[in-house]
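Letters A, B and C mark the chains in the order given here, with residues in each chain numbered from 1 onward.
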Amino acid sequence: MATTKRTVEVALSTTGLDSRGRPQRVPLVTDQSGNLVPVTASPALEPELEGDHMLINIGPQHPATHGVLRLVLELDGETVVRCIPHIGYLHCGFEKIGEYRQYNQIIPWTDREDYLNSPGNNVAFALGAERLFGIEITERCKVLRVMAMELSRLISHCVWLGTFCIDIGAFTPFLWIFQQRERVYTMLESWIGARLTTSLTRVGGMAADIPDGWTDDLENFVRTFPKVLAECDAMLTKNAIWVGRTVGLGAMSSAEAVNYGLSGPMLRASGVAYDVRKDFPYLDYETYDFDIAVGQAGDVYDRYLVRLEEMRQSIRILEQALKRLPDGPVNVDDHRVILPPKSKATSDMESMIHHFKQVMEGPRPPVGEAYVAVESPKGEKGYYMVSDGTSKPVRWRIRPPSFVNLAAIPKMVEGHLLSDVIAINASIDIVMGEIDR
Amino acid sequence: MSATFIPIVAGHAEGVDAAAPVTPKNVPHHGGPANPSAQALMEKFGSAVHRVDVVWGETTVIVERARVNEIVRWLHDEPSQQYDFCADVTAVEFRDLELPIEVVWHLRSLPYRRFLRLKALIPKGQPLAVPSVWDIHKSVDWMERECYDMFGITFTGHPDLRRILMWEQYKEGFPLRKDFPLRGRFSRSEQLRQALSQNPEAKYSMQELSIADAFEDLPRDMRQRLSAGEKVGE
Amino acid sequence: MGLSPRPETSRVTVDPQSQESWVTTRLDFLVNWGRANSLWPMPFGTACCAIEFMASAASKFDLARFGMERMSFSPRQADVLICAGRVPFKLAPVIRRIWQQMPQPKWCISMGACASSGGMFDNYAVVQGIDTIIPVDVYVPGCPPRPEGLMYGIMMLQEKVKKERMADTSLRNEMEPDPNSQLYISPRLIDELSEPFGNSINQTRSGL
């Protein structure tokens, strides 16, 4: 029986890599005004072939839409001509319900609004409410809140990395990174008792101080997490498939990105080093030593690199926070907002009155308004609260970063292929709970 | 290529204090240093600027409703202001129903590291309409649609002002208005009946159907309803 | 309220015609054993619970131990609809359509407080329990449930599957909603089920 032998040559260097195996970048050109802009992907439109444009509906129940986003795409062959997003499938009336709750009662809702970043939202809301009450929090509380924010940035980016890998077709990093996420969950659980919906803060302090030995866990985590991150980095960053599926997609120039209101890693990938932590600091972020990761081309690959670098910077901030964690009280000594200890409430008349008034009526801020923005993993997250002197806000507005970022998707996917829509959508890091609220 | 790359850093405008910004401490309730842009606005627009407040360290400028677009454009284009980042558009209705509805713009100037809150008041009884700033800031596209969806405020000049969070045929009104009850106007079974009796096939807008040339393929009753002018879609 | 009167005589009736033979019960055992240990879930993840569902499917908790490693994102190849997260009214026709697309035999797990009862979202936008839209087999409480809680719910569903009998044809009946209102339970019952309860009655006032 005759057999034939075939030799197949596998092209190891794909279009995304240069001869040394390093990722090629999108070439930049200068426009009329002399700014550097990335070359826009040429819309490979065929000159008027037979056939009509096609309508493709993705979602609202689709594994690659990260929730219940719905995209209606007009396709010419495989090229996207127009994209019409539909949102609102997860509209749960957060802002309405906030008008019916006292300030401390709203905190559980902030958990569930951007549910990948619950501790960060708790801190952001507490900061806004404290501005409205005119409260200065204690030093220990500040450092604990920085730890909570950076941990939540880490776990949010972990979910982003895992789901982004699955969308592009890599399953392994998802398993690796979710193991690390479980470690953060375990730490949060020992701190506050919940894994996902933490309700970590109160107006004027925290729900609980960290338990004994918690900083050892965090030190251990801070020491070991970069190794896993380096593994993911080694697996993905120079991977030919990864590079080929991400480079040059959905590029936004820096001027466009600012005009479209992008924030967070989306904006920084486009070359604008705007970070709320640096430019409008809160929680004494200006005293921490960390860098802002900035991309050049504003494409999907740069967003990936920026988020990866942000995770390393978060680890740096956590290291510094661990070193400086001071002793002292966590909650402010203010009877307007902080409940007196139970033993005093049952023995001391004045404390009992404070306790009663806080529980029955709730703390009342003076008439005023405050917009407090923090750097959430998705971008600039703002809480705008208006008080008319009662214990419930007149208006509780959430400025959702991924809502504004997602609004730019019709601009980003135009001219790209259908399969690239998935990668671009995943690179925005959307959370439907925050978008629809 | 990387040698020529310079990222745009906030606070790069000339004359900005070179020291890095710090966390605000002990912010007073009223008063404190106002944003210099407020003074510039008063000089430039005079009577169109009604009032300047500084509340909790944030400067609020209440401006005339009809000239919002003009003012935002000046703030965006003027080299000494450069408010290039529109963070938020929203509205506030107070529990005291005599008070006007406020439409609020939160603007940031990245080159100068400034934050400014613009407000336009709509007294009760007047039509809920303000000029859109979509032609200046593309970021407000969905935020203005959301504001229309939740409050019923029309942004004149917005190219595509449709409901965004609730569906197009939502009959109960504008949820964030104070006269809207927390649990909605209808009973739960009626709400569920209205939601479920939508035809799931009728989820495409006329624009989308015209893309697909799918009009002829629709069931006859849907075609009739569409040609009768019924709004389909969400 | 009150106790119903105790029946005066208790009587056990035996109908020999309805007894099934040894062969069918053994066959039931075999089929149910196979079904219970290879349930393919259709994750209908909307909100926070979907993140805990992802955690259950990931390395530490490993849903594959229950024969569930094959996530079926198409309802046509799925056995269990796991509704993880809150369901607003805008999503109600979608989940109804997905349920109708699933072939028999099919089951439904309502994961979390919001899917089961509306949870903390007692407002104008959220369906007060998906059991007003589709039939539910197992409710998993929690906000969100821990992965262990979801697994307990899955094991309860497996127990339920193992007790099914092929002779009982009513199990496989498709639920037909009323053609006019598209509701399958009476409006009065829906209103009654989704009444505010507990503390939420007192929290309808804004401002104080």
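Here are some notes:
Throughout what follows, contacts are C-beta pairs under 8 Å (C-beta built on N, C-alpha and C of every residue); 3 or more make two chains touch, one makes a residue touch a chain.
Just so you know, these numbers come straight off a predicted model, no measurement behind them.
Which two chains touch most often is answered by the contact tally, and the pair is A-B. Distance from the centre of subunit A peaks at C, each centre being the average of the chain's Cα atoms. Averaging Cα coordinates per chain places subunit A and subunit C 32 Å apart.
Inter-chain spacing, taken between the CA centroids of subunit B and subunit C, is 40 Å. Separation between the centroids of subunit A and subunit B, computed from CA atoms only, is 22 Å. Multi-chain contact residues, meaning those touching two or more other chains, occur in subunit B at positions 95, 166-167, 175, 180, 182, 234. In subunit A, the residues that touch at least two other chains are 88, 91, 93, 96-97, 100, 388, 390, 394, 436.
For subunit C, the set of residues touching two or more other chains reads 90, 94, 123-125, 204, 206-207.
Within the complex formed with subunit A, the residues of subunit C that make contact are 44-48, 50-52, 54-55, 58-60, 71, 73, 85-86, 88, 90-91, 94, 98, 120-121, 123-126, 143-144, 146, 203-208. Note for the complex: subunit A touches subunit C at residues 60-63, 67-68, 88-93, 96-97, 99-101, 108-109, 111-112, 115-116, 159, 162-163, 174-176, 178-179, 181-182, 185, 195-197, 361-362, 388, 390-392, 394, 432-433, 436. Residues 25, 27-28, 36, 52-55, 57, 72, 74, 82, 84, 86-88, 91, 93, 95-97, 100, 131-132, 134, 136, 254, 258-262, 271-274, 278-286, 294, 296, 366, 368-371, 373, 380, 382, 384, 386, 388, 390, 394-395, 397, 399, 403-404, 406-408, 436-437 of subunit A touch subunit B in their complex. Within the complex formed with subunit C, the residues of subunit B that make contact are 95, 166-167, 172, 175, 178, 180-184, 187-198, 200, 234.
Within the complex formed with subunit A, the subunit B residues making contact are 1-2, 4-5, 7-11, 20-23, 25-27, 29, 55-56, 58, 60, 84-88, 90, 92-96, 104, 106, 110, 113, 115, 117, 137-143, 146, 150, 163-167, 175-176, 180, 182, 204-205, 207-209, 211-214, 234.
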